[in-house]
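Structures incoming, each one as structure tokens.
One chain, chain A, appears in both complexes that follow, with chain B as partner in the first and chain C in the second.
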Partner chain A sequence: MPILLRLTAAVLLLCAAVGARAADPAVDQALANLAADPKALRASVEALGGARGDPRALAVLEALRDGRLSVAGGEVLMRSADGRVLRARDGAAVAEAGSAFGLTNALRRGLGTAVARQQLLATDPQVRLAAAGALAERPSTEVEGLLRELLATEADARVRKALALALAPLDLDSADKARRLAAIGVLAEDGELAARGLLEPIAQGRDPELAQAARRALSRIGERQWLRDQFGNLFFGLSLGSVLLLAALGLAITFGLMGVINMAHGEMLMIGAYATYVVQGLFRQYLPGAFDWYLLAALPAAFVASALVGAAIERTVLRHLYGRPLETLLATFGISLILIQTVRVIFGAQNVEVANPAWLSGGIEVATNLVLPYNRLATIVFAVLVLAGVWTIFQKTRLGLRVRSVTQNRGMAAAMGIDTRRVDTLTFALGSGVAGLGGVALSQLGNVGPELGQAYIIDSFMVVVLGGVGKLAGAVAGALGLGVVNKLLEPAVGAVLGKIALLGFIILFIQKRPQGLFALKGRAVES
Partner chain B sequence: MRSKSKTFLLSSLAAGLVFGMAGAHAADTIKVGILHSLSGTMAISETSLKDVALMAIEEINAKGGLLGKKLEPVVVDPASNWPLFAEKARELLQKEKVAVVFGCWTSVSRKSVLPVFEELNGLLFYPVQYEGEESSYNVFYTGAAPNQQAIPAVEYLMSEEGGGAKRWVLLGTDYVYPRTTNKILRAFLHAKGVADDDIMETYTPFGHSDYQTIVADIKKFASAGKRTAVVSTINGDSNVPFYKELGNAGLKATDVPVVAFSVGEEELRGIDTKPLVGHLAAWNYFMSIDAPENKAFIEKWKAYVAKNKLPGGDKRVTNDPMEATYTGINMWAQAVQQAGTTEVDAVRQALGYQTFKTPSGFVESLDAKNHHLHKPVYIAEIQADGQFNIVWKTEGPIRAQAWSPYIPDSAKKVADWTYPWVCGNCTEPKFK
Partner chain C sequence: MRSLHTPRGWAVFAALAATLLAGVPLLNALPADSALHLPDYLIPLIGKFCCYALVALAMDLIWGYTGILSLGHGAFFALGGYAMGMHLMRAMAGEGVYRSELPDFMVFLNWKELPWFWHGFEHFGFALLMALLLPALLAFVFGWFAFRSRIKGVYFSIITQALTFALMLLFFRNETGFGGNNGLTDFKRLLGFALADPAVKLGLYLLSAATLLGVYLLARAIVRSKFGRVLTAIRDAESRTMFCGYEPLYYKLAVWTLSAVLCGLAGALYVPQVGIINPSEMAPTQSIEMAVWVAVGGRGTLIGAITGAAVVNGLKSWFTAAAPDLWLYALGGLFIGVTLFLPEGLTGLAARLRRRPAPLAEARP
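Showing the complex of A and B:
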């Protein structure tokens, strides 16, 4: 019997491989039923999922999943990727498609199982692996036979493992003790949190041998999960830290280096985010083919937009207020209100939609329950790049040298022939531009609205003050420190208390060390 | 006034005296107050309620007004500032002498104006779903009470069709509405045999934007082997980062459905909805309802938006609180016609027995006893285009329970403004 099974499976795989139409009458029946009664979707999906060796089944199921399946004129039709409409029965092209099937969650669940059942028969081991994983999430006796059959013939070791894992929850209920023990072993090796609920009753059960094995499996699952949690928290902390750093880096320049208490910093972030929105709109209209790459074009646009606004503010208002911190604070606060209202008038009070490009949606699943979203990873990389760029400007260019000399000793720098006013404008524009870059990153994570900046201004000041005014390294340490501590506190005490605890901690820290983590050493003439 | 006869002059003088020197202008129009935030954080949601109220008033005026007079809207902006709501309410009632006020969104703003309306015997129509536990003599609630939204949504998710959820995450913004709703839901889940171990309750501050940890926690909580559902009472902007994180973390609606009570068509306008397909919302009205009344309502709204060139243009949508506002104004107009006066006590008597065929496709009626609207309940899944696909609905309107039977203290209370109770929160009738 197993030889026969193996043979049929091999034949099936071969059929799928060459794409031969091994038409399964069940598929024809299901399609006919669906065409006759579009409401009988659930039964048809189940029938298609159970079909064997007919490539049409998977094609129809996938079309249904992606909203490309319709019924018109007594035929089931599907729209292919290139926009042609094909008859599902025989693949003939037809002219018109009806309106696509609507799905509900209940249908989507059944559809997921049906697609996975078909994909288990695929030739690509990666596809089989994913399908086995999907079936493992929803163990059901309905697919047990298929799983066992494939486990016997599967050549790929990883897929075999995944199939065994999908079968383990079903084996736990088996009457055969050896089989149960083996299932516990499989779960101990690869089981996830979900297996806990199944293992716990066995661990407390009567059979000492089974109970011991189950307890061992539980503790192994627990250990794995603990490690993953710690790694997850660290990643979340780094990610939040990099967001804070991007939000605060501009302020570290305008407030940290220049000493301008810049209440309009948040609005520079906001302008950067709106620049992203505008660039997105332009791409959507004129370059829809390159839409996925609009963010790259948004970076220089956001930098320039914020830098220009920053330069204008410096030239018209701030330049007359140097050395008068209180007036600067009030003036920049006023500017921030003006900017918010201006944006509200131009773009409306509503939040605007900034879509994530496809390459920033989703994430890598490094382990079950631990997904590293692409937009978070990209934010971390982006923060590092921006930081490197700012550092290079300050340490390696003439402008950087001038900025440093002006901030250290304005009078002496002027005496050496440096146009300090010009340097002030350029520095403020640079700080604002960097904030604009931060705005691009923020637009990918949260809301873009006129009040976007207000949400980040306090955090930004916190980062700069905690890190130590006047040092870029301080901003880095402050941002990452705040991010990681926040994320380590949050699972323990919750989001609301975590935020309060963090603020309390900063108050205490500033009491003890008013100069922040990194203090400027040496003499500053103006202080 | 020059051309008017002497008798009219006399009678209008007398009327002026009776109504506290309302002036000649007030005599030929009926003033209607609109109390919605047009700036600040709530402007996002409340602006369209102001717009739809003006549309309804225009519509009534086009039909000749009420009692032979035109309606005159008085729009004020309480700027999302809760104490300012009370001040503006007082201004509307005392200075402008409005006959009725349509307004408020957040529960905290309603609580702020409540004493003003009760002191000055004003009339307020409140159009938003809320946590219940209230019934005022001076307020008519045209939004849903918990048994008209939250409880049916949870029951649906418990059902076979909804996924048979056994474990629950109650996630909300940290203020009175989510806290009270979750208190009721927890009591309800207990009554259905759900243990405390299977309920996770989490709150975030207003404007929270980093949902990584919470989404990871939900994932962990959901992987305990039982089917899990999330009930979200997150309000306002925070929904965007929350749903983005959900999508990116791969938490699909087929595995862990999220049902939201404060997310409608208007809120989804700012979100890319593709990763959210299948997540749910429970309301008493959806723009996608297939009913002739709804079609007419949407057409009217689109025409009004186009005519007045409202911001957003053809992307503007209708939603549940807008429908409730529209229903409220029409019911009030009917009551005024019946009472033959705009005087609050008479209109209130008439209001208790009004029915109106609303855009939800049902004839809804105001309850004379608890001042709430009988409403149908719809549960719908988010679609890729930002609209909702209705998957479940009640057969007809259901009566609101102002006081939740699931909380022991409130279960004893009765809201009944008819004889012999005449009370919004009593345990025994006033007149025996």
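Showing the complex of A and C:
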């Protein structure tokens, strides 16, 4: 009877968990009343809300709120999250389930207060924090006494702050002026935008002292919010900038150094993203234990996949088109169409799902309403690492030396014994491989589909063109500049208009600074 | 002025004109059970090809003859199309799904009155003028800035691509006021003629074909004129042309603007026949396809541009019906194959085949 054994074990564990905390007789009484007379819901809710130090109260109240509570056979039962039915009294699993309680609106309100009370009393500070935060948004006089009592005894500083914020709206309505001033002070220190609605009537009010304090508090809140917004914009701008940098860095190599217009560059990103998808599938199949680390294996895979495709393109097509940039543009566009269609045939036209590993999910909450997601942070770090890698290759390795020499003077480099054709292939493969790495990053941020590359190709070209051709530093400046300006424009004019404004800006910018970006200087024109 | 064509050239032109203007309506008029009968549904398709050929001519003037590859011609084409589409929307005021004076999409967005930029489009003449003027204006301003700072080659191509991309994003927004995603569609009539009527479709086709022939003659006159020779000189050696005392800016700007106007005209003819205009016409891919029409036909020959547009679009129609999955392979292959093996396109190939029997007899002038 393995099922029975397992059930018994679960019950024992649950009982142990329940028993670890003191059982409040009031809870037993309320449950007994509820079982005896399901109509007496209101009294039982109040009794449960008033209980102290008994985790069963919160569990039962939440179950009632979520429609998981029922009565059958003289016992109050609740359905747990995994679908089992437990006896509310002692947590024992039972087979049957009764019909759920229905709630009226009036009852729902009372229930909300009772849940809030129990949450404020919970042992987990996170639960207490969340409860105090919810109360700050929907002040309730019914828990005022409890809030005051808890504020005096609360040990956790963050919870204490949240409790003070939850009390402040209530204190603002009190008759005691000192208390109102203190509440304004609390809101000035820690209040959010929502507190404005409370402070504005006071700032307009008759009492000059209160009005002045409220005005000061309002400007403090405004300043804080502005700073936070700017910080958020800067962060998301940097994040977008590093995405652009990852997308454009490969292009900066192939276009900037080799002068090859690779319209299929976006598809190199796409191949990198699909390589990530494939590696993910392999891990899921063969190494589910190490699934969280599949991204690390995806990096070399994406690099190699994109680099091989790039080398093949260079060998078969581009090689014959050097010195004919417009033809190169058309031919590589044809290649991009073929690559897109090939991916459609292999993986389907729909987007594929690439999961964030656990260590990239979530984020750091640096302030209320401002969460820095881990995947964005990781993108910034990753962009820096890739940039450092590319820089190292160009400045510190023999390959880099050869690439630079071929870029500067092909004929002389060849005369010195450098196999320029091989260097061309390697450079193009390197640029494509870097794009593949960018694809890994993109797969963590957005949808992965056959058209992934098309979304980035124009932005990538803009980055390289804005930053200046032939300089990695230019690509960095272009990418970060575009990213940050884009995010700063976005709240003011919206995403699409911001982007259009940016494209217009680039067209105007090259009016002012064509040198080094577009037209070659003086006699160098059409050598 | 020199003659536009040799007698043989005129004969070819006359044959083409006769096929387009007389042959197609005749075949269409044959009884339906005849083997040579041209079904009604093919008429707007050929009309569409005529519009594309017009675009290809415009593209050839700027790319084939002046050496400036534009990847933003879809924007001019779509602007002309939108101007005509706006007239067609206004012409059916009160007959939409909502029986409102406003176009349906505005009712849907809960707009109460016509935006200011929609005024005037109820007049056909105004709309036609705008179909030519708006692309001209955009091209002039854009070209002025771009050519003045001597942006050329691939940089110009990339910037034009950004231009059409930006416009596409703009037109995709509902708030811009051109129907967003769905664009303008469900047209009913043009100048009182019902667009669904086969006779009207034939008329529109004939108009497109006649315009194509007329624009061909115009383009031929341009490339044979001194102006056209300066354009070719700019293509081949811009600096030397400049040192000879010609200011390339004005020549480029003139032909660029003219090219945009021709695209606008093509768009205006295209929309009533196809019955819809939406922002996807401005997608960068569309503009690159326009370049490949010219590349396939043969750059720098007007007849090549027309041939290329007909061949590529004919293939596209056939593929999307017979083997839709293969079309992108075919198109991609065309891009690569033409650039690698046929730099002078189909006309170049034809000329090479003609010359082959007696290669020594051909002396370079």
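In the analysis below, the second predicted complex is superposed on the first by the 374 of 527 C-alpha atoms of A that agree within 3 Å, B and C clash if a C-alpha of one lies under 4 Å from a C-alpha of the other, contacts with A are read in each partner's own complex, and residues count from 1 in each chain.
Everything that follows uses one rule, which is that contacts are C-beta pairs under 8 Å (C-beta built on N, C-alpha and C of every residue); 3 or more make two chains touch, one makes a residue touch a chain.
Remember, predicted model here, so these are calculated numbers, not experimental data.
Steric overlap between chain B and chain C is present once the structures are superposed on chain A. In the superposed model, A:I261 makes contact with chain C only, not with chain B.
Legend: residue contacts after superposition of the two complexes on their common chain; A:K499 is shown touching both chain B and chain C. Taking chain B and chain C in turn and counting the residues of chain A each one touches, the greater count comes from B. Within the superposed three-chain model, A:E327 lies in touch with chain C and out of touch with chain B [touch as defined at top].
Contacts of A:M462 after superposition: chain C is touched, whereas chain B is not reached. In the superposition on chain A, A:I335 makes contact with chain C only, not with chain B.
Touch criterion met: A:L508 reaches chain C, while chain B stays clear of it. Looking at the shared chain after the overlay, A:Y374 reaches chain B, while chain C stays out of its contact range. For the contact definition in use here, the residues of chain A common to its chain B contact set and its chain C contact set are 496, 499.
Residues 69, 142, 145-146, 148-155, 157-159, 161-163, 165-166, 169-170, 172-173, 237-239, 284-285, 288, 291-292, 295, 325, 328-329, 331-336, 338-340, 343 of chain C are the ones touching chain A in the complex.
Contacts from chain A toward chain B in the complex involve residues 67, 102-106, 108-109, 112, 137, 192-198, 225, 229, 232-233, 236, 239-240, 243, 348-353, 355-356, 361-363, 365, 368-371, 373-376, 445-447, 449, 451, 455, 487, 490-491, 494-496, 499. For chain A in complex with chain C, the residues that touch the partner chain are 261, 263, 317, 320-321, 324-331, 333-338, 340-341, 344-345, 454, 458, 461-462, 465, 496-497, 499-500, 503-504, 506-508, 510-511, 514, 518-519, 525-526.
Every residue of chain B that touches chain A in the complex is listed here, in rising order: 39, 41, 43-44, 47, 161-163, 174, 202-205, 207-210, 212-214, 216-217, 219-220, 223-226, 237, 240-241, 244-245, 247-250, 253-255, 257, 269-272, 275, 278, 280, 311-312, 381, 383-384, 389, 391.
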